[in-house]
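Following are the structures in question.
One chain, chain A, links the two complexes that follow: it is found with chain B in the first and with chain C in the second.
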Partner chain A sequence: MHNLKKIINYQLRDAFRSKLVIFYFLFFLVFTSLMFRFIGETSGVITNILNINVSFVPLLTLLYGTTFFYNSRGYILFMLTQPVRRTDLFLGIWGGVAIPLVLAQLVGVLLPFIFFSRLTGDAIVPLISLLVTGSFIVTVFLALAFFVAVWQDDKAKGFGVAITVWFLMALLYDGFILAISIFFADYPLETPLLIISTLNPIDLARIFCLIHMDASALMGYTGAVFKSYLQSTAGSIVAIVALLLWTSIPLTLSVLKFKKKDL
Partner chain B sequence: MINVSNLTKKYKKLTALDSVSVKITEGVVTAIVGPNGSGKTTFLKSILGLVIPENGSIDLNGTSIFHNNDFKRMTGYLPQIHGFPSNLTVKESVQLLKNLRDDVSDHDMELYRKFGLNEHENKLIKQLSGGTLQKLSASIAFMFRPKFLILDEPTASLDPWASNIFKEKVQAVNREGVSVLLTSHIMSEVEEMADEIIFILEGKIRYHGGVEELMSTYETPTLEKAIAGIMGKELKLCTI
Partner chain C sequence: MIRLLFFLFLLGVSFISTTPGKTLVVQPNGKFKSLATALEAAADYDTIIVKSGKYKTNNLIIEKSVTIIGEGLPVFDAAGKGSVLIVRSSFVTLKGLKIINSEYSFRTDFAGVRLEDVSNCTISDNQFYNNFFGLYLQRTNDIVVTGNNILSFATAQASSGNGIHLWYCKNTIINGNTIAGHRDGIYLEFSSKNDIFGNVAKRNLRYGLHFMFADSSVYYNNKFFKNAAGVAVMYSEFIDMHNNLFFDNKGTSSYGLLLKEIRRSVISGNKFIENTKGIFLEASDKITLKNNLFQKNGWAILLMSNSMENNFERNTFIGNNFDVATNSSQNYNTFTMNYWDNYEGYDLNKDGYGDVPFHPVSLFSVVVTEYKPTLILMRGLFTRLLDIAERVFPSLTPKQLIDEKPAMKRTV
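== the complex of A and B ==
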């Protein structure tokens, strides 16, 4: 734990000078500011940022995470010759990438909200749910990126797997849910759909956010079921725990593999 | 003494090390030589704990060195390719390692100063040339006053001036009792620096002994010809 903190500390210094982290921060800052300029309405701005969070952020995080891990091979190899536990090194590197990305997104979104929006009681809950789910999208997909990179030594294959993961979760999964709802339209699908949605972090984040924006009315009866569940305290806790598991399970499996990996 | 016993490492169907057993004498410079793909990198990585062998053991005076941080604290390593985060400065990279190895307070900064790295302290790693990075790696290998030095192709990116300083430093610490394990493809360098040679071919040790002894066995004036002699004998090729 002692070394983990030291590694994260220096990884953070490295990451905060990274062009990608600066670009990521500026992107959210400019995008959110422009949304306020052109849309103005807080819920509309949140919806547009949510769209970025569930499409662009997973892909960017997956590709950045895998690239970072592959490019850090020399560093990983050298650090393992130092008196450092493999678990500390792995989590240190992951934390050193995840924390700057999360902070860049949080600050990049939050600053325009402070300057351009009147943060009334109605806007605060949707904004918090947007920021929380956005942060989880980063940590989940960064954990998946590291999982891919640890298990797949070949860089080209690793990128292929990362893009496939994004394609399955961001695009194909929704088609799968749509197919289920069409084929089984005569059956009560609310509960199965609720369960299926929690199995995909992108859907879970999207629904969780929309429910807290009161946009569930647009989702019909299913939306009402989701709303009654996810807007309740228990439902919110389940959603947060599910997103935590989506981060911690790939991360734990990666650490287990990394501990026995030949470098 | 580092005692390697029955070490076997396989990568899928390829056997990189095949029941390797060897005792590495303390206080001497031992060179590991062999053609590309012979298993010398796997051998070094096994000692450093970077690869996990299927079978066998490596111990230092009776204590296993696998996942042994005490052994790592005693070891200085110079990798072939540098391993520093590109957006850290030289000073920060050194500070990171000093923080991780806070058991040593009296750092050996001789090579760091001789290589003029003080002038580059505030530069980012990505702004340094390959040669300067190698100088940084080389000076870090000595910085924590190791008892064992593991050097992987140490002079590959160094200019003749830096290479000479580096070799003098290796010889100086060796005289103080530091054990050195190195790999190199430059046989004149091995001849100049090493006391003993471990020759690996197809994952097996084919020769372990003194440099002079090897050259006199093959009756050649240079180590390069002696090594060519072993390879020819082992691979049943014609000697040069």
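== the complex of A and C ==
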């Protein structure tokens, strides 16, 4: 445990100097500020950041995560000559990437909100759900990136797999849902679709946010069904737990593999 | 000379007939202890002043043309038995009364005040509280209903009545009333040429305002919010609806404005904000919709395929989940010079209108209209890409449903 902290500590020092984290922070800062300037309305701004969160962020974290792990190969080999548990080392590296990215995103989004909006009661809940799901998107896809990188030693293949993962989750999965709803149009699909959607972190994050943004209240029966599931406390807990599982399961599998891996 | 005499005679007659009658005062410890006794003593065109107090009144029939004015808001309480007041004489005025607790019934339409086969009555500045029907007008002409506050606590549609109910009524003016907690706020059936303005209908179980077979009516400057289903206009012609606010009518089958079999009507200058469906048009033809604002609705306009020759002009669409949805691949309506916040075109000749037509029906809205559960894909990357692809090569969305001249700036 002590070693884990140490590793994260060193990683953080390294990461906060990295150009990508700074770029990531500035991107959210500028983007959110611009949105406030052009749209002005809090819910519109949140919608646009959500769009970024479900498309650009997964891709970026996947690619950054895999690159980072491949580039840390030398560092990993060196560290393993020291009396350090492999689990600590792996989680340390992962945390050292995840924490700065999450922080960069949180602060980058939050600062413009504090400056430009009054943060009234109506805006608080959507904002919190946006920040929480956004953070989870980062951790989930970093975990997946590390998972890919541990299992696939070939850098080029790794990138290929990472992009495929993004493509599957961000695009194809929705196509799959669309196909299901068209094939089984005669059946009441609200609940099954909700369950299928929670199996994909991107969809889950998106729906969770939308439901807390009042947009779904406007969508009649179907919206009401989704809302009644996910807006309840139990629904929120289920969603958060699902996102936690999406982070922890790939991480655990990667750790297991990393422990036995012949480096 | 004869003409002059005749004129003087007429003048004399009119003077006699408009001479105000006597004034009777009803008060709990006065000469007249109830409205009924005062009515017996009264003649046509007398004035009855009712001092403040509580008067138990069941089915009291007013058969004389009297003016009844409440001072200090006297309470007429039916205590759950029948109606409170029944007006069966023309030229009756009811003002400043509090009318409460008429009976709830499945068989008879009990009401706070019923007007039956009369004309030229005025119902103003009264409070209606916890009645089955608030004000019930049946076969009337030239009635004025103004400044009343009508509040009830309906819980189910089947067991509740309407705030102001018109049945075979002509030339009614309904102005400045507030109606809450009834089934329909204002309900018109077989009633034409009515003016409805400046009213507020909120938290009603069904519609804020409901027209059935009510031709040539006008309603404007009304506010309808938090009703289960906004306003419904059905089976009518020549309706003029302008400058109303439709706000926050949300629910499973909820509309800001529901149009069913409406023809030759004008809908202008209204604001539709945060409704599940802004306007729902079914089998409605030749309607002009202009200068309306649609903001933050689930669906701004839901246009059923049996609606034709409607003209959408200079409306503003901002922040709606779907601007226009339709269940048809054809289109026989025109859209022109509207402002769409989703429009991404340009205006090279600077005439204020975009050079590229706008397709207000997105592919996703077509899909959702057909397969409702796909709503779960809303605002996803996939649906956005599909929409963009569809905009470039339209295939599923109605090709003719376009705005040839989309405005570059808000019209409202």
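One rule holds in what follows: the second predicted complex is superposed on the first by the 259 of 263 C-alpha atoms of A that agree within 3 Å, B and C clash if a C-alpha of one lies under 4 Å from a C-alpha of the other, contacts with A are read in each partner's own complex, and residues count from 1 in each chain.
Throughout what follows, a residue touches a chain if its C-beta (ideal position, glycine included) is under 8 Å from a C-beta of that chain, and two chains touch if they have at least 3 such contacts.
Computed from a prediction, not measured in an experiment: that's the story for all the values here.
Q: Quick check on the chain A-based superposition: chain B and chain C, clash or fit?
A: fit
Q: For A:Leu77, decide between first (touching chain B), second (touching chain C), both and neither.
A: Once the two structures are laid over each other on A, A:Leu77 reaches chain B alone.
Q: Just chain B (first), just chain C (second), both, or neither: which does A:Asp203 touch?
A: Once the two structures are laid over each other on A, A:Asp203 reaches chain C alone.
Q: In the superposed arrangement, does chain B or chain C reach more residues of chain A?
A: If we count touched residues of chain A for both partners, the winner is C.
Q: Give one of first, second, both or neither to describe whether A:Leu194 is in contact with chain B, with chain C, with both, or with none.
A: After superposition on chain A, A:Leu194 lies in contact with chain C alone.
Q: Based on the superposed arrangement, let me know which partner A:Asp153 touches: chain B (first), chain C (second), both, or neither?
A: neither
Q: Between chain B (first) and chain C (second), which does A:Asp122 come into contact with in this model arrangement: first, second, both, or neither?
A: After superposition on chain A, A:Asp122 lies in contact with neither partner.
Q: Tell me which partner A:Thr47 touches in the superposition: chain B (first), chain C (second), both or neither.
A: In the superposition, A:Thr47 touches chain C alone.
Q: Aligned on chain A, what is the least Cα gap between chain B and chain C? Give it in whole Å.
A: It comes out at 35 Å between the closest C-alpha atoms.
Q: Once the two structures are superposed, pull the chain A residues common to the chain B and chain C interfaces.
A: No residue of chain A touches both chain B and chain C.
Q: Tell me, which parts of chain A touch chain B in their complex?
A: For chain A paired with chain B, touching residues are 3, 6-7, 10-11, 13-15, 17-18, 72, 74-85, 260, 262-263.
Q: Quick check on the complex: what are the chain A residues that touch chain C?
A: Those residues of chain A that touch chain C are 41, 43-44, 47, 50-51, 54-55, 170-171, 174-175, 177-178, 181-182, 185, 189-190, 193-194, 197, 202-203, 206-207, 210, 215-224, 226.
Q: Touching chain A in the complex: which residues of chain B?
A: On the chain B side, the touching residues are 11, 45, 48-52, 69-70, 72-73, 75, 77, 79, 81-88, 92, 95-97, 99-101, 124, 150.
Q: Report the residues of chain C in contact with chain A in the complex, numbered from low to high.
A: Where chain C meets chain A, its residues are 250-254, 274-277, 296-298, 319, 321, 367, 370-385.
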